[in-house]
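Chain nomenclature is as follows: A, B, C, D and E, assigned in order of appearance, with residue numbering initiated at 1 for each chain independently.
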Amino acid sequence: MVAGLLLGGFYAAVSLGVSLIFGLLDIANIAQPAFVILGSYAAYVMNSSFGLDPILTGLLFTPVFYFLGAVVYRLYYGSFERRGDESLRGLVFFFGVLFIIEVSLSLKYGVDYRLVDAAYIGKSIDLGGVGIAFRLLVPCLVGLAMTLALHLFLSRTFYGRAVMAVSQDRLALRLMGADPVQIKTIAFGVGIAAASLAGALLITIAPVVPSTDRDYIGRMFAITVLGGMGSVAGTLVAAVILGVAESLMATFFGPSWSLAVSFGILLVVLAVRPAGLFGR
Amino acid sequence: MMARPARALLVGLAVVGAGIVVAALRVNQYVYFAGYVVLQYVVIATAWNILGGYAGYVNFGTPAFFALGAYTAVFLIQSTRAPLPVLILAGGLVSALLGLGIGYLTLRLRGVFFSIATLALSIVLQTMIINWEYVGGSRGLSVIRPSGPPFGSYVTFLFTVMVLLSVVAVTVARFIERSWIGRGLAALRDNEEAAECMGVPTLRLKLFATTVSGFLLGVAGAPFPYYVTFVEPNSAFNLDYAVNALAMPMIGGTTSWVGPVIGAVLLGTAQQLATVTISSEMNLFIVGVVLVAFVVLAPEGILGLVRRLRGR
Amino acid sequence: ARGADPIKIGFGMALTGGLSANGKPALLAVQIWKDDVNKRGGLLGRPVELVYYDDQTNPATVPGIYTKLLDVDKVDLIISGYGTNLIAPLMPIAMERKLTILGMFGLANNEKYRYPNFFQIQPAGPDPQTSTAIGFFELAATQTPRPQTVAIVGADAEYPQNALVGARELIKKFGFKTVYDKTYPPSTVDYTPIVRAIKATNADIVFVASYPPDSVGMLRAAHEVGLQPKIFGGGMVGLQFTSVMTSMGSMLNGVVNYDFWAPEPTMLAFPGIKEFLNEYQARAAKAGVDPLGYYLPPYSYALVQVLGQAVDATKSLDQQKLADYIRATEFNTIVGRVKFGKNGEWAKGRTLMVQYQKVHGTGIEQFRGPGKKVVLYPEELKSGAIIYPYSAAKN
Amino acid sequence: MSRIVVRDVDAGYGAVRVLHGVSIEIRQGETVALLGTNGNGKSTLIKCIMGIVRPAAGEIFLDSDGTRIDLTTKSTEEIVGLGIALVPEGRRLFPKLTVEENLLLGAYRTAARGDIERNLAFGFEAFPVLRERRRQLAGNMSGGEQQMLAVARALMSSPRILLVDEPSVGLAPILVSRVIAKIKELKDRHDLTVLMAEQNFNQATKIADRGYIIVHGRIEFEGQSTQQLRDHELVKKYYLGV
Amino acid sequence: MAGTLLEVDGLTKRFGGFTALHRVSLSVRAGERFGLIGPNGSGKTTLINCVSGALAADGGRILFEGRDITTLAAHRRTRLGIVRSFQIPKPFTSMTVRENLGIPLEYAAHARSQAGDADAEAAEILRTIGLEAKAHLRPAELTQIEMRKLELARAMAARPTLLISDEAMAGLSSVEVDDILALLFRLNEQGITIVMIEHIMRAVMRFSERVVVLDAGERIAEGTPAEIVRNPAVEKAYLGE
């Protein structure tokens, strides 16, 4: 149960970027997991060459990723959005990006499993009989912090509100005095920057190879949809539900079915609440 | 007017005939292997497009349908050694059933919610297969081909079968597109509520589209066990099917039956060539670049590009 | 002029996808062999050329790749790609054309086909399914106090499932009592719930059949949860990789795991192995593969060595002659003497059981030499004694 | 003092020319009515001023205390930043945001952020239903409620110049007068300048100082007072049902 | 021309905790010109959503030609002859104006009576409504008003027995209102029963034989237009002044 909560926090961190980019901006960025893995490799490189803490690296790299995201978005904007045909073709575009990132990573760093080392890896604290691994606790906390930060950004700032509106009516947003392209660039950048941190968290939890991203595509999008497109709070709740479901299945029934159960939950929830838990 | 279906039939027969001739030529065996895969994608892309292109419901669960067709065949091979036509029909029917199931999902789920639900379905189904030892479970299963194909080698035979299936799929897609069904699907793609209010039986049409699409995807998967001779969940549920099913119609153009065919032939051939000419991981890289380049340069698909060039 | 035509050897190899971490080093090993052979004047006086494509770890690509190799590239000889799943679809093609196939790390591929011209380099032996686990359970059975209960767990994938089937058989044979037997999906992220469930059973023996990410996950979780069985490990793929060893460091201590090669004196005695490793390590960084190459690459090299020796000896590229020769001969390779038996498996199994001992920190240098991965099994290659129980070796 | 000047503007969509040499002027504190039956180019003219449609010829500028700001080179958001707001045709709300979020977005312009409290209070007072439904999604509001929200949202940006494209569409009679009255109130209180395209002539002339009649993309008549407009034959024909 | 065509009996509709319609009853006679008015948000659109089948009612019954259609699917109601236009236009965006009409012609009109040349019929409707020049444009190229006309044209193409027009005239100038009114009168003469929702009182007054007024989801008045404008409750809730 506790493990599930911890895992949920981590899932939330991984899914936030999707929630922002896919949920709010309506950009089908299927390559998000690849950016996460890119974040993992950044953490790995800094960790193995300079012994830098992975999460610190993740944080330090957010500007780099933000910039990368901004560039990718501009490319996407120039090629699709400006012409007004986005989602589906964009999906194909991002599939391409996914392949390119994956292969670039494997060309540069090979296909060996990469891990990082940090003081808190392999240690745990005992909380009332259950050992809690720092390796999971730290990502969970960082995930929660990210969720909170993003939530505040969206609900309290003008930029945030504009981000929520931008996919609904671009012209109307301009009539509010906001530049939709700029707003989307910012939001996309933030989403990719979140991937930097998420990647760092990922590599502290599990080893990665360039193709690890494929394992997360389903989960990330499932969480976003389960929570309700674009709802940050929903993303967190959905992530925790999935995490707990997976853990409980693993502990009590047989881990073999845990993934199926998670996605089964998704199907059932969607059947009852077609817009997800917190969907509008 | 009456000549139309007749002509379509004739063209279809001609293609099948040409396929048989190619099969009879006994050129390089490799042509059949590669040709099989490309044709398999013609069926997949065409089938996907009936739901995704005509009705606007994007199915991410293509691998589930394909694999269901394949595993239905595996099951029948294991249990009864049923002949290929039976496998194909059964694979199609079982997948059609799944299609009908997701058809009911469309009752409540639209847009991305539908897409993600199909993805979820695919994962659930894969887990079930993984835990089903009879069809090989997660370890996979070697399938031994029946000896003595009706003609040629077994692969030329499979190739011919795929030619036939492609013609069937394309004919069905073309028929749907040109009939009242296609127009109704287009209406509900644009605005489901308005379509319903204009007398379009949206649910029934969607069920029809998901079922037919599912059937054809299953049909594409059914001969697969005999093609690879070894079936395991990871490759049967490969993400590539989802990507290609989507990318091929996109590249060709989604509003017409020709689009998926063009896309499948182009991208399918490109992928086949890349696999056997570029001897490194670069082939995946190139596929990635091709995808990006295609959608960036030909935003309305090849068809759109052709139309635009002709327009000028 | 005819004599100068190269001999082409064709294969598909996992350069991307799930098995690429094994496929790429295997490719390098084969390339090293090619260079070695060509330096010595090639085979039959002809240079050797490799023709290979990326199979993306996807069995569906295999039929296409091999027909292309055979019909378009017109290769003279084929070997398989890496791994069971990529060998399976090759079997019918080879059989249809009556080719000799050398399989690179397949498990029981030929059980269904019983094709006489198939040979396989993994030292699994005549009973492939139990080969991974046999050493582990034999060792367990000989310890005092003798462990009683056993927990087995593995990923839902080809290799782990096979290993678990073997483990179950052995558990019965040795009379242990199973208290936990579950599988998990390969994409599991957090292993602590699984390990906790195992801990709750208090099993003496914990046998894990896993792929690299789960191996790491299980091991870490075992430390975090405080799993203390008497003997732990078995069939964990990935711990053999240098990148994993250097990041897990001392967490590895005490784990008893299968392996194929370790830099122990008993293994370094084989002819040519040192030269191979030198060459491999020199080229590893550029190829982007495992820097030490201790686990599989020697076997990939040995596989083509067998092929080369057969060609040289029969002075022919005739598939049947080659097969007959390979079947009848004992080869001397860089992984020792190799003799094929039933179904093309090694006549006698030789999967190692090693224990990680005295690993300190995460430096790579310590893993270069002997003493860290002590070979416990089989008897003839043994290089040290087991530390038992598991907890005694942990720190 | 500031005024908007449109001079000899040609504009259209693609190959279709909609406006032909249109010139109008809106001076500070004035309320100018833009009349014309549908499809004649009222909305297109307004879109030109807002930078949504780029004129093919002619000039549009804001003359602000003698400095002349060319609007044809400015983006819509920059124009909004200058203090010009639009209540667009067809409402253009953010349907998946709540009423309150829609209103807050109206105050995106930096200059308006300080006035949020005041503007919000004004909007809620003018249209109490908005306060009641603060948390309802805009897309679920009734047609008329959405129109109210659109007006209130535009006012959130504390505009100096307000362009209104048919504000009374879909409003119950009781509310039409309310909207008109509210615009007048703002005009009186904050010296708001208004350009209003409106079909309801009687309501429009309640607050308009003068007006233009646009027919087939050309200014057919410029009325210096409402009386002049009322007397014009086109108005009689189209609006007064004579 | 007697007999009840549409009967709404005790209809209730809630959105979450908000009751949009509370036990509303009304009946429309065959061939009648019926006006439905009420303040913004009083539930008019919701009511016709329930009648047309776009929303499921939470209580009450709906009868059409004596038949209970409360749970009938929307497209079936259209085929029975209940056709509505949308207040906020919902055109088929990928089709031209002409093709937009093709859908109801094919699915609703011709589903009932085989006869008819769809092309001629569509052209005729477009001419009547004044959109013939735009027949080959896509909806994105139309103005709001033209889209509203398209709504009406599409509804006509379904060959309704009962046509429900939800604010088809909003934003039109008086001449145009008169045009549409004339059109509706003509349709009515052809035997089509018309329910008109409109805020333009001049149109309601001229057109309706009978008017029902809703306020806050309840029926507050019914009568001839003349009676209605003199009704104090209506004046207070709706007309003002």
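In this section, a residue touches a chain if its C-beta (ideal position, glycine included) is under 8 Å from a C-beta of that chain, and two chains touch if they have at least 3 such contacts.
Quick caveat: nothing in here was measured; it's all calculated off a predicted structure.
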Ask   = Which other chains touch chain A while also touching chain E?
value = B, D
Chain whose averaged C-alpha position falls nearest the assembly-wide average = A
Task = Could you please state the distance in Å, as a whole number, between where the Cα atoms of chain B are centred and where those of chain E are centred?
result = 43
Query = At what distance in angstrom does the C-alpha mean of chain B lie from that of chain A?
reply = 31
Query = In angstrom, rounded to a whole number, how far apart do the mean CA points of chain C and chain E lie?
reply = 75
Message = Measuring centre to centre with CA averages, how many angstrom lie between chain B and chain D?
response = 52
Key: Two or more partner chains touched - positions in chain A   = 102-103, 106-107, 256, 259
Task = By the touch definition up top, name every chain pair that qualifies.
result = A-B, A-C, A-D, B-C, B-E, D-E
Note = The residues of chain B that touch chain E in their complex are 180, 183-184, 186-187, 189-191, 193-203, 255
Request  = Please name which positions on chain E make contact with chain B in the complex.
outcome  = 52-54, 73-76, 78-79, 83-84, 86, 90-95, 102-104, 106-108, 111, 154, 158
Ask   = So in the complex, which bits of chain A are touching chain B?
value = 22, 28, 79-80, 83, 85, 88-93, 95-100, 102-104, 106-107, 214, 217-218, 221-222, 224-225, 229, 256-257, 259-260, 263-264, 266-267, 270-271, 274-276
Note = So, in the complex, the side of chain D touching chain E is made of residues 13, 37-39, 43, 89-90, 129, 140-145, 147-148, 166, 169-178, 199, 201, 237-241
Remark   = Contacts from chain B onto chain A in the complex sit at residues 58, 105, 108-110, 112-113, 116-117, 119-121, 123-124, 127-128, 130-131, 239, 243, 246-247, 250-251, 254, 281-282, 284-285, 287-296, 299-300
